[in-house]
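These notes are about the structure you will find just below.
The first chain written gets the first letter, and so on, giving A, B, C and D; residue counts start at 1 in each chain.
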Amino acid sequence: MAERLLDIKDLWVAYEEIEAVKGACLYVEKGEVLCIVGESGSGKSTLIRAITGSSMITVKGSILLEGEDLVPMKKRERQKLLGTKIGLIQQNPAGAFNPIRTFDKQFRETLKSHDILFDNEKLDQLFVTLGLKDTQGILKSRPYEMSGGMNQRIAIAAAMLMDPELLLCDEITSALDVTTAIAVTDELLRLKNEKGTTIILVTHNLGIAANIADKIAIMSKGEVIEFGSADQVLYDPQREYTRNLLRDVPKLIEK
Amino acid sequence: MKKKKRAKIKIVIIAALVLLLLFCAVFAGVLAPHDPSTPNAAAIRMAPCAEYPLGTDNLGRCVLSRVLFGGRTTIAATFLLVLISFVVGTLIGIFSGYYGGLLDKFLMRLADVFLAFPQMVVAIAVAGILNGGLMGAMVALGITMWVSFARLARSHTASLKNEAYIQAAAFAGKSDLNILLVHIFPNLLTPVLTQALTQIGTTMIGLSGLSFLGLGVVPPTPEWGAMIAEARAYIQIAPWAIMGPAAAVIVTIVLFNYLGDAVMDYREV
Amino acid sequence: MAHLLEGKNLYKTYREKAKVTQALSDVSFYLDRGEILGIVGESGSGKSTLLKAIAGMLKLDQGSVLYNGKDFTGMTPRQTGAFLQMIFQDANSSFDPRRVMKKSIMESGRGKKDEGRILELVSLVGLEEDLLSRKPSSLSGGQCQRMAIARAFYSDADILLCDEMTSALDVTTQAQVVELLQDLKKDGRLSAVFVSHDIALVSMLCDRIMVMKDGTCVEEGDTLTVIKHPCVDYTKELLESARRQSIQEISE
Amino acid sequence: MIGKILKKLASLIVILIILSFLVFGLMDLAPGDPAERKLSEQGIAISREVLEAERAKMGLDKPFFVRYGEWFSGIIRGDFGDSYKDDMPVGPKLAAGLKNTLILTVSSLLAALVIAFPLSVISAFRKNGIIDHIVRVLSFIGNSLPNFLISILLMYFLCIKLNLFPIIAKGTVEGLLLPVLSLSIPMAGRFIRQMRAEILDQLKEDYVSGMQGRGVKQGFIVMNVLWNSLGHIFTIIALQIGSLMGGSVVIETIFRWPGIGKLVMDSITARDYPVILGFVIILGVIYVVINQLSDILHHVLDPRTTL
């Protein structure tokens, strides 16, 4: 049984009185892509927030990252993990960076926060793998000057800056056009294959999950309805909710 | 939901206090123990006692009665001024926000000119030159106050105009006027009314400030600013003559500002 | 016999300070009664601009639009509302937040006050009567979108212009609304222009498709022919992306 | 960029012209005849001929637009005409007054900023902490007190009860403290409320959670948030300068600080309109220039804002 990079056991997450995640159990193995699929309000994004930590939520249960439980961790300890062990990419492509300051300054800030030297050569190589040309040109410009697709790719570069083992992607394709979304998911696949990065992708789009996932978890109203390998969930779903979901996804009529 | 309830209770309490205040101002005639303006040579600068709960001023007049009647002048003038500015400003703002184009540009340039003046500087100059007592002071403050309502109404109307339900009303064949009255105005009321609430405090500061400078209410009419100015000369001998109206100003402004804050918190929660 | 709705060589440019964007250049289309025309394209392709131009929400630089052969170019929504209605992406905000649903629907009757007709339409779109006395905030996105359809039918409009109408809904609700549209089309009560970025959705619902890119119509034709034999690379790319995300029919 | 600034300057000049026209028109609305008042003030017997001569000397007999033209062209050359009271040129008086007013207002502004900026940063970043509650209550009260009231309360408690300071300022540094306090306390209250709200808005932006997601240190995040808020903070300061100017008139009168405010109050009682007009124009110009500067600064900081 491959080693579990992240193991979530009986996780309960609440915003003040509202229970957003109820007893979630799921895990992802090293080098795998786990897609968490659910409608808005299903608690999928709250799960990501529980992993990265936030003052707005109260968390019960355990989240083991290579055996180390994140839930009881203090803010300072967890801050060290973010960026180095866990990379985060958010839905708003222009949300990763301060829109009016240059990428160069902000990349340096991220590295300085973890006492890592700014290595132009390594960054250039990372940009190339993500299909970003003219690294220096990008570094000198500001996020508000860039398109959604470009910003999202640079956000992925920022998340991969310190080679995290786990990459958390929270609805990173829903603000993009269909063709750009597929291109961005292809880049995630390349990261998985070339760097062995483990990826958790949260999305409402079952099609994106079908295209990239090794494991799929279906969430609804805070509960993990179904969790298994992609083939098992897509072709032999156990639960009524999953079957309805598969039936309702628009299908290209070709005959 | 708990926050929403707590915010609502806060509003109810403060609103009650404000009503109490308005009650005292409106029924000043009944509540005041003495006539506010007849001097009483026998009781000049008397310390607070049973007969004169807040003592007497330089001319032996009962400070409490003058504070109550003064309240009526200040609050009435403030409400009237805020109401007029609110109506004028909001109407102009709505029309210029809805129709846009030349009208909008002209009005907003006009607003820029009026806003180019610091409000108090204009008020002092206008009140000074017009020398029209309370009316002059109200005109002076009113000149620049309508602009803040106009700008708020304009920005809200401009954003409301693009809402889907306004387009839907157009598709239903509704006239501009109908859309303005039925759809835009009701949805615009709450933000603009909240602004009016916060404006009351600032207006009171402005009015009492002008009266203090002798540019608003002229003695002997009772008004807090003027009373404080009058009593300033003999502050060492009869401090109560100042502390009475001063407390009234602070309490009133704090209450109205707090009501404004409470309404804003309620809307944000 | 003239088409129910037709557009001839439509042009529209946006001038924003220095930037001039060519939103529509030489776009033509037609729609016949009882038919749904699908317009698919990515953001910035001009599909929404085309819809707004037809509805009279923005002025065309050039070209003409005809209803039953009669030219209605330059009409404002107040006039076009007599024969066509727009269904918006954000369903909840297409109803006045302060008014109950019944009043909003009644408003689109142009003076007609027919309580019975409203009840009939509400059940036609599969909703309960008591929703009529509620405000939009207490209805779901799907329910609001069905009410929007009821409102459009109450105004006796011939044509529905749907602007990404199901994109904001979750998958299950979207499927139910699409099913409703398919039923209405079967009864011959619906002629619509359906704009969407999801080519799979358009393939399920529309008789004919127009593929738009950068303000021009790059390909147009019957849905099945365009999907099976796309001639333009861009259409192929769209179809390839859709296939990459498709879910095969699972055996029941 | 230069083009934009020139456009800004053009609109500035247009505003000032309209401004001066309105203010000059105001003078005509004023009741009473300035010539008559001046003569009676100087104790000269008023007969028809003397009055006519005086009106001609003061140029009051010319049509309105001509007088406005002369007055406006004078202002551009820095000549604000002659005082109705003593025929002396108004310019130098206003200039002297302005110098003292600037000392008072600039020091009050700095005092207010020194109090308000750190407190609003702390209370924004430590939202709902103890400091935040205290700061919110204090700034609320500060914001609700007219400055003439604060000055009297300060004077009563500090001068009379504890007699730490002289009551009459007389332009000395020691005398400056009370007036500055009276002006800066309400202004600090308003600054704190608005700056705190602005910083809290910035904290809600996506980039803050984006940076936290990369483990960026709190110090960098604070710096980024402040950098983005700076643009709006300049606007907040520029707008507050308007009420600062108004307040300085009141405070100068109370503490007899020889500024332009006190000068204008004396000239109001003496119906000396050229001084009043000069006062409004000078402060109007300063205020408009400051606001245009803050817009340009805001654009430089955040190029997305339209100039």
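Definition applied: contacts are C-beta pairs under 8 Å (C-beta built on N, C-alpha and C of every residue); 3 or more make two chains touch, one makes a residue touch a chain.
Keep in mind that this is a model prediction, so the values were computed, not measured.
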{"item": "Chain whose mean Cα position lies farthest from chain D", "value": "C"}
{"item": "Leader among chain pairs (count of C-beta contacts)", "value": "B-D"}
{"item": "Chain B-chain D separation of Cα centroids, rounded to whole Å", "value": "21"}
{"item": "Inter-chain centre distance, chain C versus chain D - centres from mean C-alpha coordinates, in Å", "value": "55"}
{"item": "Between chain A and chain B, centroid-to-centroid distance (C-alpha), Å", "value": "53"}
{"item": "Centre distance in Å when chain B and chain C are each reduced to the mean of their C-alpha atoms", "value": "50"}
{"item": "Contact footprint of chain A on chain D as seen in their complex", "value": "205-207, 209-217, 220, 224, 227-228, 301-304"}
{"item": "Interfacial residue positions of chain B with respect to chain D in the complex", "value": "109, 112-113, 116-126, 128-131, 201, 205, 208-209, 212-213, 215, 225, 228, 232, 235-236, 239, 242, 246, 249-250, 253-254, 257-258, 261"}
{"item": "Chain C-touching residues of chain A, taken from the complex the two chains share", "value": "39-40, 177-179, 181-182, 204-208, 210-211, 234-235, 237, 243-254"}
{"item": "In the complex, chain C residues that touch chain A", "value": "42-43, 170-172, 174-175, 178, 197-201, 203-204, 223-224, 227-228, 237-239, 241-250"}
{"item": "Contact footprint of chain B on chain D as seen in their complex", "value": "11, 14-16, 18-19, 22-23, 26-27, 29-31, 140-141, 143-149, 152-153, 155-156, 160, 241-247, 249-250, 253-254, 264-265, 268, 273, 276-277, 279-280, 283-284, 287-288, 291"}
